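Heads up, the next two complexes both have chain A, just with different partners, chain B and then chain C.
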Partner chain A sequence: MTRILLRNKLDDCIAAWQKAGFSVLAPVRRHEMSSFGEVQKASDMAFDLVLPERTIKDHFFPQTEPLIKYKISKHQIDSETMTPPDQKRVFFGVRPCDASGLAIDDPLFGWDYKDDYWFKRRENSVIVTIVCTEADDFCMCTSVKLSPDSAKGADVLLRPLLNGAGWQVEAVSERGTALLETISPLLQENSEPTAPLPQVAEKFDVEKVMEWLADPASFESQFWKDIALRCVGCGSCTFLCPTCHCFDIQDEGDTYQGIRRKNWDSCSFANFTMHTSGHNPRNTQSTRWRQRIMHKFNYYRGKFGVNSCSGCGRCTRQCPVDMGITETLQAISTLPR
Partner chain B sequence: MGIQEQYRSEAAALLSSGEVKLVIGFGAGSTADRRRPLFARTPDEAQKFVLDAACIANLSTYLVTEGLLSDGKKVAVFLKPDGIRSINILISEAQLKPEQVVILGYAIENGKEITPLEGRNISDFSIGEQIRSLTPPPHILQEAERIEEMSATERFEFWKEHFAKCIKCYACRQVCPMCYCRRCIVDVNQPQWVSTSSHTLGNFEWNLVRAFHLAGRCAACGACDRACPVNIPLRLVNYRMGKEVIDAFDYCAGENSNQKPVLASFKQDDPETFIL
Partner chain C sequence: MIYSPFPMRVVSKRAEAPGVNTLKLEFVKEEDHEFFKANYKTGMFGLYGIFGEGESTFCVASPETRKEYIECTFRQSGRVTSTLASVDAGDIVTFRGPYGNRFPIEQFEGKNLLFIAGGIALPPTRSVIWSCLDQREKYRDVTIVYGARTVADLVYKNELDEWKKRDDVRLVLTVDPGGETPDWQDHVGFVPTVLEQAAPSPENTIAVLCGPPIMIKFTLAALQKLGFTAENVYTTLENRMKCGVGKCGRCNVGSVYICKEGPVFTAAEVQAMPQADL
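Up next, the complex of A and B:
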């Protein structure tokens, strides 16, 4: 016997969490875009999405974030540190790839310096993952050794019931156990079977890819020039990626006062590595695309022991010229050696 | 012989004779309904070209890639009428030399039938009338009219909701053949004239800067709209700006390559209604 949550209890569930001080976020379709947004009732949620267009990363590492407010006067500088809101949040209906993305980025944000902006939000958030029952042509979690029912990054794991009436519920962290306690009267014992997982074919051999990338000879390979020829150099793949985490610090204001902000930045942009002198060490799109792949499947793994990709496939799904990690890694794993 | 085979062999012939150094066309994409830009440098590579009704991207954007045409050699490119229109605009803005571009033209009728266009040089195409009478697809037109009927406040709210979604990935700019500036104003950072922040105000700044810069220059190919990962209806913006320019100056961008850019030239009888 396991515990289940019925769909028709979801409104009560949201109310219970709100009563316990949480705001509830779930996949929503708003203004012709799907993303995670705050919901008040079950009917606000878009359950039919394989994956929202935007990642939950947006709610932990927003595209622009104020850090410091400052004022410069003749003899002194006043500054005020701006901290992220400490609102407790439940993220309901996160896909395993997006939840994994958070776990993949944790070591990065806590490495030489503990990024409060990230960790405060992480500590105040409970991730309720819903296991996938559908995949599309771009899903590739299995290729990066995750799966449609991976519990990585999750606090609670929900498995859809075969009859569609609800989900089998399992806490996979202490935070998850605590969250389930707030709704325990709404859960019931049941042994309904769960829906089968979708078949997500392995699209490349990530071990082979990693081996090739680690070979110093690969850095100058003609391969990069050929594969990146059609890359137009926009930032959509990086900004829609659940693990891309690069940012820029900008002061916004006038000479005397302003706000220092942390803004998303992208290795796809020429400005990303532009030196003050005008020299740009990555002065072509192929060197930028190489950096993105190397960072995800070579450097990041070298530093944190994990690849910086959770296989969501958004990079390809949304690319205006149909590029993406899948094609590049497929090409690498079939290179003659 | 179908158009795909015809253009494959023509591309191969252009490459083997050395007339062009590169052919830019379409290849198979990552799914059955996707096509992706394909670059052929050898006759063999030209055999991979795909040409069907799914080939809707405007490939002219690659012609303004830094350094591509600086050796004076020719490049052939697969273009629909909107791509040919882009070439006219680029020539009139002195960004392309007409003799460097070989056009493998095609048209898609009713979203299904694909037919080759005659002519290989830009001067072979007279698309002026066709462009004048060009209206956006019905659903776009309908939406444009709906916005027109809104009050100023409603209209502002409409665009605020859309621009609030913008993430400043600049996909709209990167796929646009008219966005050829080596350094876009938003990338000029000494000083940073336009904020890089992607808050609603910053997003307004970016989208308005682009709208102004495209007024009277847009080829209406819809590439920006298709590229936008957060589904901002960008072609509505550019359609409206284009209409404004037609009404004010009787100027429709890209009718031919002899046009003088509307905002970089003047006529004695230009309206002066905006001058107080």
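Up next, the complex of A and C:
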């Protein structure tokens, strides 16, 4: 016997979490792109999405994050450190790839110097993952050794029931156990079968990719120049990536007052690495694309033991020139060697 | 909180060369100063800023043996450095750091030291030079080879005079051909050539080399010719930085984060990096 949450109990569930002090966020269709947004009732949620177009990262590493507010007067400069809102949150209906993305980024934001902005949001959040029952042509979690029912990064794991009436519920962390306690009267014992997992075909051999990338001779291969020709350097793939974490720090304001902000940046942009002198270590789109692939499948795992990709496929799904990481890695894994 | 800088008061500003200034900064808050004193070692860098303009990365030019103030020397070139160049004594700027690794000068004890710098790269070298000269008895022969494009471009002119007068320092000064003035008494020629002529012995010697990439390249070749091994040559790398603490993702050369694993490397370590990413 396992516990299940019925779909028709979801409104009560949201109310119970709100009463316990949480805001509840779930996939919504509210703007031109689907994303995670605050919900008040079950009907606000967009359950039919394989994956929202924007990632859950938006709520942990926002597009723009105020760091310091400053005010400059004639004899004085006042500055005030800004912190993220102290709000407990439940993320309901996160896909395994998005939840994994958070877990993948934790060591980066934590090594040596701890990024308080990331961790304050992480500590305030409970991740309720819903296992996938559908996949599209771009999904590639299995290619990066994750799966449609991976519990990585999750606090609670929900498996959809075959009859569509609800979800089998399992706490996979202490935080998840505590969250389920707040809704225990709404859960019931049941042995209803769960829906089968979707078949997500392996699109490339990640071991072969990693092996090729680790060979110093590959760094200056003609391959990079050929594969990156199509890239327009728009940065969409980095902004829609659940693990891309690069940022800029900029002051916005006038002469007298303003805010220092941590803003999303992208390794696709020429300005990203441009020196004041005009020298640019990554001065062509091919060197920038190489950096992106090397960072994800070589450098990151060297430092943190994991690839910086959770296989969501957004980089390909939403690329304006139909390029993305999948095609590059497919090409690498089939290179003659 | 991470990314929150220390407020610093400008004590003085000194013009070094056309477009190059040195700021002497003191800590506004005692606890910030205590943190700096406990953590600063020669070779480390900081992010210097002005609210409303942003932050720029450069080295701490003062030595680890003198931690009452922070000195920084920079060329006025972008938005932040132009504003920093316009401050007056008493103004408030910001400092974030010290970040990065250091020159392991305790490992240099009992050895000869050869410092080689080009142009605006004397500031990081100068931090190591004074850190060693302030404990002169621990080191053997000290040679400083410094070159700039023109006589006017030489920075720390007062200190160059001071080093010249010392009998425990050998100073070799040079300017590029055409950069000399009628009364210039020192060398005329590029740093690698002048270095080869000065021919310091590689025996029991550590070289510290800082300069623009092209100078580094040719000077390394000259050092090799003189018999120096890449393990005994130290240098400091620079890249665009925003966070300074290994997160913002731009300063890496290959897998090496300059801000965390550097900025100080041996020439052997630099040679092991993918050269196309430098």
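Convention: the second predicted complex is superposed on the first by the 335 of 337 C-alpha atoms of A that agree within 3 Å, B and C clash if a C-alpha of one lies under 4 Å from a C-alpha of the other, contacts with A are read in each partner's own complex, and residues count from 1 in each chain.
What we mean here is this: a residue touches a chain if its C-beta (ideal position, glycine included) is under 8 Å from a C-beta of that chain, and two chains touch if they have at least 3 such contacts.
No experiment lies behind these values; they were computed from the predicted model shown.
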| item | value |
| --- | --- |
| Side-by-side fit of chain B and chain C on chain A, or clash | fit |
| Partner chain in contact with A:Gln63 - chain B first, chain C second, else both or neither | first |
| Chain B versus chain C as contact partner of A:Asp116, first or second or both or neither | second |
| Chain B versus chain C as contact partner of A:Glu32, first or second or both or neither | first |
| Partner chain in contact with A:Trp264 - chain B first, chain C second, else both or neither | first |
| Contacts of A:Gly302 with chain B and chain C, given as first, second, both or neither | second |
| Chain touching more of chain A, residue-wise (chain B, chain C) | C |
| Touched partner set for A:Leu162, first chain B, second chain C, both or neither | neither |
| First (chain B), second (chain C), both or neither touched by A:Asp248 | both |
| Touching partner for A:Leu335 - first (chain B), second (chain C), both, neither | neither |
| Three-chain overlay, closest Cα atoms of chain B and chain C, distance in Å | 5 |
| Chain B and chain C contact sites that coincide on chain A, given as residue numbers | 248, 250, 276 |
| Complex interface listing, chain A residues touching chain C | 67-68, 70, 72, 76-77, 79, 81, 83, 108-109, 111-117, 216, 219-220, 245-251, 253-255, 258, 260, 262, 265, 267, 272-277, 279, 281-282, 287, 291, 294-295, 298-299, 302-303 |
| Footprint of chain B on chain A - complex, ascending | 31-33, 53-54, 63-64, 137-138, 229-230, 232-236, 238-240, 248, 250, 252, 261, 263-264, 266, 269-271, 276, 316, 318, 320-324, 326-327 |
| Of all residues in chain C, those that touch chain A in their complex | 1-4, 7, 51-56, 77-78, 81, 92, 213, 238-240, 242-243, 245-255, 260, 274, 276-278 |
| Chain B - residues contacting chain A, complex | 29-31, 34-39, 57, 61-62, 161-162, 164-165, 167-171, 173-175, 187, 189-190, 192, 195-199, 202, 223, 226-227, 229-231, 233 |
